[in-house]
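Okay, structure first, notes after.
We call the chains A, B, C and D, going by the order they appear; numbering starts again at 1 in every chain.
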Amino acid sequence: MDLNIYDFTSFTKWVDTALNSVMSPGWTMLVELVIVGIVFIAAYAVIGLYLVLAERKVCAIIQNRQGPNRVGPFGLFQTIADLFKLLGKELISIKNADQFLFNLAPFILIIASFMAIAALPFAKGLHAIDLNIGIFYMFAVSSLGVIGILLAGWSSNSKYSLIGAIRSGAQVVSYELSVGLALLSVVIFSGSMQLSTIVESQANGWWIIKGHIPALIAFIIFLIAGTAETNRGPFDLAEAESELTAGFHTEYSGIKFAFFFLAEYMNMFIVAAIASTVFLGGWMPFHLGGFESLNHVMDFIPPVIWFFGKTAFVIFIMMWIKWTFPRLRIDQLLKLEWKYLLPLNLMNIVLIAFIVLMGWYIK
Amino acid sequence: MNIFKYFGEVFGAIRSLWAGMRVTGYYSIRPGKVVTQQYPENRKKLVIADRFKGEVIMKHDSNNQHTCNGCGICELNCPNGSIEIISNKITNAEGKSERIIDKHIYHLSMCTFCSLCIKTCPSNSITWGQDFEHAMFDRNKLTKVLNQPGSSIRKEIKEVKETKEA
Amino acid sequence: MTNDQLKEKINGWISGLEFPENKQYLEIVVPAESLLKLSRLLRETPETLFDYLFCLSGVDYGKQLGVVYHLESTTHNHALVLKVKTDDRVNPNFDTVCGLWRTAEWHEREVFDLLGIKFNNHPDMRRLFLDDEWVGYPLRKDYKDDINIIER
Amino acid sequence: MEEVFQDIIIKHSDDYIINMGPQHPSTHGVLRFELCLLGETVKYIIPHCGYIHRGIEKMCEKNTYQQIIHLTDRFDYLSAHMNNEAVCLAVENALEVEVPERVKYIRTILAELNRIASHQLWWCAFGMDLGALTTFFYGLRDREYILDIFEESFGSRLLHSFNYPGGLMHDLHPNFQQKVKDFIKYFRKKLPEYDQLLTGNIIFQQRSIGMGYMSKEDAISYGVTGPSGRGSGFKCDVRKHHPYSAYSKVDFKEILYTEGDTFARYKARIDEMWESMNIIEQLIDNIPAGDYTAKMKPIIKLPVGDYFQRVETARGELGCYIVSDGNKNPLRVKFRTPNFSNLFIINKIASGNKIADLVAISGSLDLVIPDIDR
């Protein structure tokens, strides 16, 4: 085998042929699925836990604090310790709760984010599935999570949870539109819905540079709408700890609470990953058409690092926003979507279509 | 709706949001501005103000002597009953009966740190100590005897007082 | 208006008022039955216009129970103290003034809670701080609680 | 009389009732709001208090005047100094003791420092109520400077029973003046940051402007004082209208806003911080030399009569009403605490708004629950 960190295609091919050589194609399929599943669960846990840590550190520095610093150097193992604590906690059963739905809700939430992560291209060839309607799939799957939130709020038999869940429902349904339309702008630019094709189309410059002003507007709208779709501050009305104590997960404890917590951070990661894939070139290094030497230097940095670097950057912006702004009220939230984001987005789409038609973007 | 007003609103909103993000952004890249202290680690260099009201203590000199004559004014002045004074009557060398302090009991758990006992103490024998780590596993340990075992009243102060009274 | 002018003015309205000595404010002791009438006059007459009730306290004088109203006019900047007393310790009651000063509603509930003085026509005469099942009125001088009050 | 009872609550059996509190992040203590909801909209609010009633007024009847003072720290713990001052001034006025000029100056400076500290904590908690969590730490960071000054001079940071009938417990720390000047210099730089972070923010303005309207008549009738009342144009600053301590010697504005909404109450407090700094700057260099306490007898007995002292705390007007029967213990002590009156307007101004607005409005009233319960 040759493990090329710039191109994983040959590596995955090698794994496939090696497995095929020892077992039947059916078994190969199964084993590959298991391997991918295990890899994703591990990645999920690690990314989720360290995102929690990163958020705590970032907000701590913003707030002139140190953040977690007791468990391990710079508190690196803090969230792992927290996980063990949550695992050891009692699962409180709620009187008069709908037990089946109550237990089901965290799994729906977590499965939705699992499904979304599957289509993400982490690097060249490092892809679980490369659907030809990748963006559409992501867009569809990432909004499944709200069912989990609604179920959690409904089944908890708590008025606070119910209000939180209903808020979340209204919020996600309306912000879905903006997410979709903002992504559509890049689909118009690149002419494809397949994530790998979109990434390849950015080989001579990312869409946010090539598409100049309309792409930038689309990127900002996507960030806002994506933050809202993941129920993060300043759009965290579903949780709104100063109003609803903890919103839909008020009644959850122990590992079920941890699922909600992890899923929230994974959703943030997914939104950031989509943003970086679609607007910032995904694993594609920073290329500018015509600057060959620069492009060559940039190629030395492996694509995986590019991908995670960009995602981290977008995540940092999301955290920065969260820790700066006060929360919106539910009617303002909907007003922002229907009165500002949606008209701007539609205007933007028309503008992009015109620009693409005239060929006014940087090629 | 005026289209310019609409876009004016949008840009005004973005500007106001950016003003806030500048403040947090300024701090987010300056870990040096961290103000929190790491408490158990910095114990050695902690600066406690010398007037800090940690607990009531009785001043003892190097001869294990204090100036408390057990008059009970602090006990009277304490609003919570957190001071109890147990005094003994003894006959001194001159044959007069005299009251000396046996135990100056101080219930830290009931103290509200109003410093009335210290302000009213006529012989200036109790004061604030700066110890602030009072956490105990047993509530009874918060009841303290302020005069150290084997301590005695300092003579010269008593004489000074007597001459003053005379 | 100065205190003397006020005194002159108010004395003309209702008979049976007493004006005890008070260094700080003009003090009026009013009979319980004319409390509401006097308060309404004080509140609504344009020359007095006492629109701000800044304190309402119930007092147990030992034998008597009383309520003290501290009034101020935000336009004329004069203030006075209105006192009403009763000898009835079993079922003391006065007229409510919460129609004139809304803040009185909760001050009166507090007085009822802690001193047991009832206010007639009060819209919501319940205890404010203590449980509804609480026995006795803690701020009265004859209130006994062997567990929580340690006599020194 | 019927028309004034418009806001009397009528309960129905099918109301959707939510209990906000006693343990809830935004009631700032153990206060319970019984809310009736219609979707997101609040139909009515019934405040339930008394969860931490400690019977301070009853305790005062058993204590001497010196011993009362440390109890007054405990109701509005964020403006402990002003509470102390109310009792001390009442006792001094009753005895007709002339306190030294130095004491008056020091009391004024400390009251204003305490007011700034209190408003800082209000600012951070208010930001947190609205979901801006970072404000909490910025406010606390700056408040720490004041608390350090307090700790150095009084020995405690929050509940400093520093006043004593006739003067102060002891003299100021020698570093006091320099530290206060340093703090003012520092805080004048930091306060604009508050404005950038919250005041100018479009989300914040949308959530506060026009919300929870309180008319001037309501403010007077409900006895809403302090910055909350002055946000509605109620001229209720005791410092201005009934000056005590050294307030008659300083030149300051009474902050008045006429809008009467959450934003006006917010601005009133922010402006009050600026104004407090002005007051301190006028006084800090001119503290006269002299004794820190007047000559007082060890046992204080007030002449028979009743005495009322009004003091402006950070939350409004505090009245200390002492009825004395000539003994060393008072016959009755009543504290007219600002929050007690401020709380009960909440149904009037917040019903009909959303839950999120209720949180913002109750935050803008700056409630401290021990002050309500006493």
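In this text, a residue touches a chain if its C-beta (ideal position, glycine included) is under 8 Å from a C-beta of that chain, and two chains touch if they have at least 3 such contacts.
Because the structure is a prediction, the values reported are computed rather than measured.
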| item | value |
| --- | --- |
| Chain whose Cα centroid lies nearest the overall Cα centroid | D |
| Whole-Å gap between the CA centroids of chain B and chain D | 25 |
| Computed distance of Cα centres, chain C from chain A, in Å | 64 |
| Distance between chain centroids, defined by C-alpha means - chain A, chain B (Å) | 52 |
| Rounded Å distance between chain B and chain C, as computed from the means of their C-alpha atoms | 41 |
| Residues of chain B whose C-beta touches two or more other chains | 17, 20, 23-24, 35 |
| Chain C: positions in contact with at least two other chains | 152 |
| Residues of chain D engaged with two or more neighbouring chains | 134, 141, 197-198, 201, 203 |
| Pairwise chain contacts, counting only pairs that touch as defined | A-B, A-D, B-D, C-D |
| Touch list for chain A against partner chain B, complex | 58, 61-66, 69, 320-321, 323-325, 340, 344 |
| For the chain A and chain D complex, residues of the former touching the latter | 59, 62-65, 159-160, 163, 167, 233-234, 236-237, 240-245, 323-332 |
| Complex contacts: residues of chain C adjacent to chain D | 22-25, 51-62, 68, 70, 74, 77, 81, 99-103, 105-107, 110, 114, 121, 123-124, 128-130, 138-139, 149, 152 |
| Of chain B, residues touching chain D in the complex | 12-13, 16-17, 19-20, 22-24, 35, 49, 51-53, 77, 79, 112-116, 119-120, 128 |
| Footprint of chain C on chain D - complex, ascending | 1, 4-5, 8, 49-50, 53, 55, 57-58, 62, 93, 218, 220-223, 225, 234-236, 241, 305-308, 310, 317, 319, 321, 323, 325, 331-332, 334, 336, 340-341, 343-344, 373 |
